[in-house]
Every structure is written in structure tokens, then in C-alpha cells.
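Next come two complexes built around chain A: one with chain B, the other with chain C.
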Partner chain A sequence: MTSEVVTSETASVNADTARTFNSDRWLGVAFVAPIVIVMGLLVFGPVLVTLWDSLHRIDPMRPGTPFIGVQNYRNLMSDANVLHAWLNTMAYVAFAVILETVGGLAAAILLNKISWGRRWLLAAVVLPWALPPVVNAIVWLWIYNPSYGLLNGILQSTGLIGSYHVWFNDRTTALLLVALVHVWRMLPLSAVILLAALQSIPAELYQAARLDGAGPFRSFSKITLPLISGGLAIALSQSTVFAFNLFDEAWILNGSSLDTRPVLVQVYMSAFQDLRFSYGMALSVLVMFASLLISLVYVLRVYRETRYD
Partner chain B sequence: MRRSLLCRLGLLICAIVLLIWSLGPVYWALVTSLSAPTDLVSASPHFFPPHVTFEHYRQLLGATSSFQGSAVQSVWPQFSRALVNSLLTSFMATIVTVGLAAVGAYAFVRLKFPGRDVIFILVVASLAIPAYTVMIPLYRLMVLLKLIDTYFGVTMIYVSAFLPLSLWLMRSVYQSLPLSLEEAAWMDGAGRTYTLFRIILPLAAPGLIASAILTFLSAWGQFMIPLVFSPTLATKPLTVLIPEFVSRNYVDYGLMNAAGILAIIPPIIVVLFLNRYLVQGLMAGSGK
Partner chain C sequence: MKRKMLVAAVAAIVLCATLPVGAQVAAPLAGQTVTVLLPPWATLPKDMTDRFTKQTGIKLSLQTLGWDEIRTKIITASIAGSPPADVTEIDWSWVGQFGSSGWYEPLNATVDAATTKDLPATAIFTYDKKLIGIPYNNDFRLLIFNRQHLSAAGIAQPPKTLAELLADAKAIKDKGAVKFPIALPLSATEGTATAWYLLTKAFGGDLFDNKLKPLFTSPDSAGYKALAWEIDALKAGLIDPASTGLKDVEVQELFKNGQASFDVAGWAGNLSVYTDPSKSKVATVAEGALMPTLSGKTRTFGLPEAVGIPAASTHKEAAEVFVRWFVAPETQTESYTALGNLPTRTSVLKSLDDSGKLASGKALLAQAAVVEPLFKQGTPAWYPQFSSAVSTAINQAAKGQLTVDAAIKQIAAQAAEAQEQ
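And now, the complex of A and B:
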């Protein structure tokens, strides 16, 4: 009697499984369909069009749109402005990655150590990330102002400089100052990622290391660094991709000036100012592949996860 | 004992340096926005406004205002319009993005359908596509659909830009929820949809709040997209309007900083009251 009930229940459960499996498929398709439509229409379709158009000459000033193969890409290689913009972007990436990683790690260690007021310190650290980049850039533009800016004022009153500087006259300084505004905004992200990594390290490890006679530097290099390497990789790839896509800060602080022009501003100039649409598109394709390559760390991680579950 | 005191002093100094670095520029913008124009161009910077004035705010929010004795036109008509545009597009983008991500991420985690993994990887990989790669074809598409300078057009572009991060975040939230809960509900005869809306979504609320915050802040701060797709005040947001104060008349830093301070009030409110969710979102959004 009892066993009969159990078997009939199992049978009905099996029937249920079969039923839900099939309805699952349609439910899954229904749930994901809007996403596929939105992303397909507004992202993937346009990307394919860009790829295709970058192989043509599309130029509102000239008639016809002939197929020209990789001519746009070949021209990009010898365009002095484009090369200059790539160098600027490389400089931004170098400045941003170094400052964000070192600063973010320092902030994360401090946040992890501090016991009082941690919630408020964390809120203060995160704040710059939450603000509109344009507003940040405007605030810093005023700080960098050559005649009345805070930077000149502080440096002069502490005696570090004799007279006021026009900061954007020197290319290296200008690049550093634009990068600094970007770092101010993006450092919170590195700090938060690294804080999460630090919090996952069990405290006993440090106690054991101390009992074994390891000093703070030794336990940092032997315990902390290896155990946060995953977080570090993510923080590094994030800061690289974001510095690669720097636009707002350079645009507001120094307009289209060649000294500070990153590749994305170069794309904007080629496409919308010089009206060489397909030429700008070809450059944006290169930026996309470079970004994708850098975030491969990220994408591979997703791939691994989706494979094993 | 001495060492721990020294240690604590060191921590305190580091904390103060970090506070100055993070909040200093915001404080400076506030001081600038409250300073009289004559004090802004004085020889040395003042760390506290010598003569507190609301002149710049009056110019933004008042019907008319006076500037150095003479009456000038207030920018309230443009400012209020842009404020409404910013709020509307950001809220609409948030609602649509979180709605799509809440349902879609569930399907990516729990339901089996053809192409599931490929679609998910493609959508997440699109995080690395710079906005300018799609800008020109997207512009032509929007012209074709007559969606340039419309709330619907701008909102949908925001959704396509911010959906991948929300999906990624919601997926990790669903993955962390125990499967046994759903199985129990299902044993009791509840269907998939019922289980999702009545049992799973309430449990996933912190994740939903986190992705709502991330989406709202990204949309609120967006500049490149509305620069192209919102040419007039019909949909132009604050982020595009404020830099235009540079070209109007002359560079009025007091006015720009005052406008900037008003534009950062919503993000500040979020950071003050919802920072827990924001930090969780940033941590989970970056792969935990």
C-alpha cells in the first residue's frame, strides 16, 4: 500500500519533469526574446553594419560608396593624428592602471583594517564613481584653471612653484592631469573589487604567519598578494578597458586638442567633424577589438562558468 | 602598546588623506558655487567663501536674477527642462533594464533553451564595445525610425548599453539562491512563472536594488549618447546642458559649479542611503 503510493508519486513527478522541460524551453525563449531583440537591433546589428561599412568609402562629401577593402585600415596606420591619439591612449592606460591599482589597493587595505567609521569612509571613497563624469571634469577644470585655480593656489602658497602655470601647455603634464581626473572617478571601482578580495582571506592565515615569525611585508607578499590575484586581474582588466574608453574627461578638459586627444575623441573627430564616416568606423572597430582582447580575462571567466554549471 | 598607538595614528592619517582625495574636489565645487564672482578671481583661493552668496543658484532656479548689479536672464527654463529630461530618461531606463534583466537572467540560470550560453556570452562581451563603434549605424537607424530626440529612443539606447551589466549581476544573484526552494514550490504545484515572481524575485531584491542603482547612476551620468541623440531641449539632459554654459556668454565657473552641485544631489543621496547595495553591486558586477 505505502510503496504503491510512493511509486505513483514518483511517476507523476517524472511526468511533470517531462512536461516542464518542454514548457521550460518556450518560457526561456519568451523570457530572453526581448533582450535578444533589444541587443540585436541596437548593438549587434549596428556592429555588423560598422564592420561592413568600414570596408567601404562612405563619405557624405563624395558620391557613391565603393567597396575599398582594407584601405581605411591601411590609411589609419599612416595617419599621424591617429598614431598620436593611440599614443595618448596608451599613456592614459599606463597612468590610470598604475595609479588605480596602487591607490585602490592602498584604499582597500585601509578600509579592511579600519574598525571605526568604516561605513562612512567607504561611502566617501565610492562617491566619485557615482558622480557624472562630465560634472567631475568641470570641477577639475576649475581646479586646474591657470589664473584662479586651486592647484596653482596650493602649489604656490606651499612654495612648490614660483609662479602660476598654464597646466595644459605641456603635453606630458596635460596627459597626466586628464588621467588624474579619470583616476579620481575610477579608483573606487578598483578599491571595491580589491576590498572584496581582501575580505575573502581568512584571518587565521595571518595569525599562523605571525606565529611562524613572518613580518607584515612577508605576510603581504606571501599571503595577501597571491590570494587576491584573482581580484587584481579583474581590477586590472577593468581599469584598462575604462581607460581605453576615456572620452568625457579629455573632451571637457581640453576639447579636441591633439596633445590630449584619446582614440575615441579621434573617432568622433574623423566621423563627425571631418565627416569621413567609414574611416572613423574603421578606427572604432580597432578600438573595439583592442577592448575585447583586454577584457578576454573577463569573457573567458564567463565562458568557463557557463561551461561547468 | 606604543606600536599600536603609532599604528592607529598612521591609519587615521591615511584615512584623512583618503577623505581629502575623495571629497576635496566636491567640497571645492560647493565653495565655488557659493562664492561671489569677485572672490572667485581673487589672488589666492579661499577655503571657505568670504561672502556666501546664492546668486549662482538663483540664476539657475529663479525667474530672474541680477549679476553684478545688472539684471540677467535666468537659465531656469533650460535648466528645469534638462532636469526633467535627466530624471525621466534615467528612471525609464532603470525600470526597463531591471525588468528585462530580472526575467532574462533567471532564464539564463534556470531554464534550458537552445543557444542559451552563446547568447549570454555575446551579451556580456558587448560590455567591451565602445559606444562609438555602433554610433553611426545606430544614428541612421534612429533617423529611420524617427526616434532621434525622443524619450523612447534615448531610453532604449540606454537600456541596450546598461543591460549587459545588470544581466551579469542578476545571474550571479540567482546562482547564489538555493535550488531546493524552487523545487519545494514546484512540488507544491506552483508553476515556473509563479515561483519566479512570488518566491525568487523577493529573495533577489537586494540584487535588483543594486542593478537598479548601477543603471540609474550610469544613465544619470551619460554624456556621449545624449550628445548625439538628444540635440534639442526636448530630451537634452543636464550632463549635456551644463558644459554648454562654457560657450554661453563666457565661462561662468560659479554657475557651472552650482549646476554641477545640483546635478550630483541624486548620486549623493544614493551613496548616503543605499551605499551597501551599490558596493555589493560593484563587487558582484565585477565578477565577485
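And now, the complex of A and C:
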């Protein structure tokens, strides 16, 4: 008798549990479904289509779209313009990651220390990021203009240069100037990410460190850096990805000029100027893998999950 | 009875479903809106477009984009199967690519034989016997100079040879009339490439032979000498070093502001703009002259522009009405006066010259008489890739990153690569 009651009660509980589990599961699916659908349609789907198309010859000037395997990728390896664009892009990534991370951290530390007026200062810091990239680049185009630009005007009036300088005639200077415009726009994002990470560090840790005789540098290296490593990895990743995707600044400031041409401009020229669509797709796939690979390094080597409980 | 009512109802539904289609086929052109995508120098003033709408009932939606950008818009829309506009610009240099891609509606039936005869440039816009664009802007190149600067340097006549051009520029610079007398774009844009093509012709040569093999690779070839001439002029301080960042339209602003003495690859139609006091500071002193050459016997080539109707357009009939109006003699005359677009109709050119309205008419007509095509065989599909290689290499050479020899080799290598594809 008892075992029958237990069995029926257990069965009833199991049935309730199963119903709850099933409804929870479907609720979870319902919440996740929209983003999965959007990501599938707008991100993963196009990536797969691009990958597939890059293995074909897609050229509107020629009939058909025959399968050519990795021929596009082989041709990319020997294309002098593509190699030049890769070198430029690597320069942009190096400049951008270093300057945005160091500058962003410095800005975040400053903002973290300020209590009065922090909101206004944060708004001012974020302003360059809020500007559309093309607007940003055009403003800097005027600043860099050899004839009437502010840069030449200030340098000449202070006696640092004797006559107006054409800044984009030197390749290294041109790369640096384009990178600076990009950094000016993206540094606020790094600052905001790192500020959030800094604000999550309990103040007691610093107090305890001071009591133990730790100076500012030791506090920074032993407390701050390890505990913001998660935010740092995110900031590094976003800097890298955005630097790989640099387009607007280079295009507005120096057009298709080879000495500042990043790889995305090369993608654009291959696809939309030369009408070699699958060639451009293959290059964009390589860009995607390159930025993913470097981001993976950050995630594996820098990211640490931090808990304070 | 019920069965009869059912049959009648079904028939009525079918009839109603077909009505909208029938109505579409019979829809008049009046009331339709035609979108027109053109570069800044072709964007018509409002009074002209209002007149068109009044005459035809067709509304116009004008979109203006820079020449370099307009091509991108056409390509991205066309590859997606949607029309960039109902009527768009077609440049001579796009004919090979756009013709082979089949993106434009053949317009052979849009113009009659008499119009075709009056528009000699239609041959350039014919691909595989299909006329894909009707020419509206008769661009070719000649020398435009500032008479005041020449007089200040004691020079009575414009140069006829390239040596005289250099010498005159040096004299003007030495007199202090202007710092950089020669206006020539050196950025990685189409204007840089076309200027080099012109100078190649001026040095007595051509870019390619009949089999499209490069003729510019040898140091004693015209193309090689042309590039060396540009770099030497830059190094001699006759061309502004900032030209490495300037497009042709920006270099023209220098001339309009009196900051340059010679617009070497001057657009024929620009004379009307340069001589308009409301648009130019050198209106009373800008003049046209025959393009100087090595031998003294002038040469030039044509870069006409046309309007075409994308195959994906949904207002083809209305678009054809616009195209016919756009190239009509009256419109071409007014477009020249208002915007500087040199008419493509021979009859209109003659009429303007007879009435004294063609700025530097004598020089213009004399230069027009010797206009050659850049590619006798028609613009090849690989031209845009080749042109990009040219402007990139010239830009690098101008910045000192490549020698003339290295730049020429780079151009030749990329021309070969472009032809192979």
C-alpha cells in the first residue's frame, strides 16, 4: 500500500517536474530564439555564404561562377598590393592596440579618481566615439591639410617648422596620422570598458595594500592589473578587431593611396572596382580569421574571470 | 442558382485581380518619378528640371555623387539586382565593364540616325553593337592658362611644346607670380591617370599597341618620358607637393583661385566655368590653347560621359523621355552655359561658336578636331583595374617611394595581371 502511494506521489512529482522543466526549456528557447535567428541571418549565414563563394569565381564580367577551390587564396598570397595592405593593417593594429590600451587605461584611472564632475568629463571623453567615423575623418582631414590645416598653422606659428609640410608624403608619418585619427575615435571605448572594470575593484583591497606598505606602483601591478584582466582582454579584443576593420579614416584621409591602404580598402577595390567579387570575399575571410586569431590570444592569455565573493 | 452565383463571383474576383495589371500597362508617363544619378557638373539647375516636369509631367529626383563614388554606387546596386537610379552617369572608362556585365539597357532605338550622326561620341558607348549610353559631356583635354601670369613673366603666347611649357612655368615661378605654376593632380585617383595618358600622347606615343601590349615600358617610350616629365616638374617646384593628395576637381580650384598658371590636363568644358565671374577669380584672364606636345603638333584624347538606363530600372519609358530631353540641342546649350558641360552634338558646338558663346572657341574647335580615343578597340573591361594601378604608381612616384623606372614596371606588371583576368 505504502509503496503504491509513494510510487503515485513520486510519479506525480516527476510529472510536475517534467512539465516545469519542459516549460522552462521552451521559455529559454523563446528568449534565445530571436538573437539566434538574427545572428544566423545577419552574421553566420553571410559568413558561410562568403566562405562558399570565395571558393568560386564570381565576376559579373564573365559568364558562370565555376568552382575554383583555393585559387583565390593562392593568388592573394602573391598579390603585391594585398601584401602591402596587410603590412599597413598590421601597423594600424600595433599603433591602435598600444595607444588605445595605454591611453584608455590612463583615462579610466583618471576618471576613476575624480569624484566631482566625472559625468561631464566622461561625456567629453566619449564625444569622439559618438561622432560618425566619416565626420571624424573629415575634421582631421582639414586639420592635416597642408595649405590651411590647423596642424601646420600651429607648428609654423610656434616655429617648429619653417614652411608648410605635406604630412601624407611620408609613408610612416601617413600611417601614424591615420592611426591617430582612429585611436582618437576608439580610445573612449577602451576607457569606458576599463573604467567599468576599475570600478568593480573593492576599495578595501587598496586600503589593505597600503597598510601592508605597498606603494602606488605595486598596488597597480598586484591589484589593479590582475583584477581588470577581464576588461583588459575585452578592450584589447575590440581594439584589435576595429583596427583590422579600419576603412573610413584611411579612405577619407588618403583615398586609395597604397602607402596607407588597409586590407579592407583592398577588399573594396578588388570587389567593387575590379569587379572580382570572390577575390575580395577571399580576402575578407582572411581578415576575419586574422582578427579572430589575435583576439583568441587575448582571451586565452589575458582574460581571467574575477569574483569578489 | 447558387452554382451560377458562385461562377459569377469567381469570375468577378478574377477580373478584379487583373484590373491593377491592366491599369499598370495603360499608366501614363506623367506623374511618374524618374531618379537621376549624376556627378556634380551634370546636376541640372532647378529651373531646367522644373521645365522638364512641366513639359512631360514626369518628376525628377536628382541625386548627386562625386565621380569616383558614383561608380561604386552603380556597381553595388547592380550586383544586388536593384537599379542605382532610373538614369545614371556612364563614363567612357566604364563601358567595357558595364557592357560585359549587361547592366544597362540598349538604347539603340532611343536615338534616330540623324541624332547619332550629330553625336559622334556614341561609338565610344557602344559595346557589342549595343548602345549603352547617350553621350552628353564632350570632355577632352587641352591646355588652359592664365594670361595674366604669362604676361607678368613677359610671355606673349601660350606654349606649343612641352619644353616651352616647362620654361614658361619656371619663368612665372621666378617672377613670383605664383608659387606652383603647373596644376596637375598626383593623388591615387582617376584624374592622375588621365593626365598621364594625355602627356603620353603629348610625347608622341600611345599606351598600348593594337594587340594591347604596353608601349610605355622602355625608357625612350612616350609614356616613360611623360611620367619622368611629371616627376621632374614636381621636383623642380613647378607642381605643388600637396598635389599628391588632390583630385582633379581640387586642382581646378587652385587654377580658379589664381594659384596656378597652367591647367595642363584642362577639361574642355571647364573654360565656361573658368570664364564665369560668379564662379572663378580668373574669369577675365583664363584662356584655352592647344595641348603642347614634344613635336609642337597638338594631340589629345576624348573622355566623354553619357547617360544610360540600368536594366533593372522600373521606369524605363519615362527614363528614355528624360534621356532624349537631356541630350536635346536646347538642353545641351543651356547645360554648357550653366554647368560647363561641353556639348556632344556637333551642331550645338558650331552654333555656340557662331554666336560667340563658346569660350576660347577657336582653340576648342581646333582641339576637338584632333580628339583621339584612348583605346581604338574600345575601352576594355580591365581598364578600371589598369587605371587604378597607374594612379597608385604615379602617386607613389610623386611621394618619392618609387623611382620612375620602378613605377613604370609596376604599372606594366599590373596591366598584364589585369589583362589576364
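In this section, the second predicted complex is superposed on the first by the 247 of 309 C-alpha atoms of A that agree within 3 Å, B and C clash if a C-alpha of one lies under 4 Å from a C-alpha of the other, contacts with A are read in each partner's own complex, and residues count from 1 in each chain.
Rule of thumb we're sticking to: a contact is a pair of C-beta atoms (placed from the backbone, for glycine too) under 8 Å apart; a residue touches a chain by one contact, two chains touch by 3 or more.
Just so it is clear, the model here is predicted, and its values are computed rather than measured.
Q: On the A-aligned overlay, A:123 touches which partner chain: chain B = first, chain C = second, or both, or neither?
A: first
Q: Looking at the overlay, what does A:257 touch: chain B (first), chain C (second), both, or neither?
A: Once the two structures are laid over each other on A, A:257 reaches chain C alone.
Q: By the touch definition at the top of the document, which applies to A:29: first (chain B), second (chain C), both, or neither?
A: The first partner, chain B, only.
Q: Residues of chain A touched by chain B versus by chain C: which partner has the larger set?
A: B
Q: Just to be sure I read the superposition right, which of the two partners does A:38 touch: chain B = first, chain C = second, or both, or neither?
A: first
Q: Touch test for A:61: chain B only (first), chain C only (second), both, or neither?
A: In the superposition, A:61 contacts chain C only.
Q: Of the two partner chains, chain B (first) and chain C (second), which one does A:277 touch, if any: first, second, both, or neither?
A: both
Q: Please indicate which partner A:76 is in contact with in the superposed arrangement: first for chain B, second for chain C, both, or neither.
A: Neither chain B nor chain C is touched by A:76.
Q: Give one of first, second, both or neither to describe whether A:147 is in contact with chain B, with chain C, with both, or with none.
A: both
Q: Under the contact rule defined above, give the chain A residues that sit at the interface with chain B and also at the interface with chain C.
A: 147, 272, 277
Q: Under the touch definition given earlier, write down the residues of chain A that touch chain B in their complex.
A: Within the complex, chain A contacts chain B at residues 16, 20-21, 23-29, 31-32, 34-36, 38-39, 41-47, 49-50, 53, 106-107, 110, 113-114, 117, 119, 121-136, 138-140, 142-143, 145, 147-150, 153-154, 157, 184, 188-189, 192-193, 195-196, 234-235, 238, 241, 244-245, 247-248, 252, 264, 267-268, 271-272, 277, 280-281, 284-285, 287-288, 291-292, 294-295, 298-299, 301-303, 306-307, 309.
Q: In the complex, go through chain B and note every residue touching chain A.
A: Within the complex, chain B touches chain A at residues 11, 14-15, 18-19, 21-23, 25-26, 28-29, 32, 40-42, 44-45, 100, 103-104, 106-108, 111-114, 116-117, 119-130, 132-138, 141, 156-157, 159-160, 163-164, 167-168, 175, 186, 192-193, 217, 220-224, 228, 238-240, 242-243, 253, 256-257, 260, 263-264, 267-268, 270-272, 275, 278-279, 282-283, 286-288.
Q: Tell me, which parts of chain C touch chain A in their complex?
A: The touching residues are 71-72, 75-76, 78-79, 97, 100-101, 103, 187-189, 241-242, 244-245, 381, 384-385, 388, 391-392, 395-396, 399-401, 410, 413-414, 418, 421.
Q: Considering the complex alone, what residue numbers of chain A touch chain C?
A: 59-62, 80-81, 146-147, 166, 168-171, 254-259, 269, 272-277
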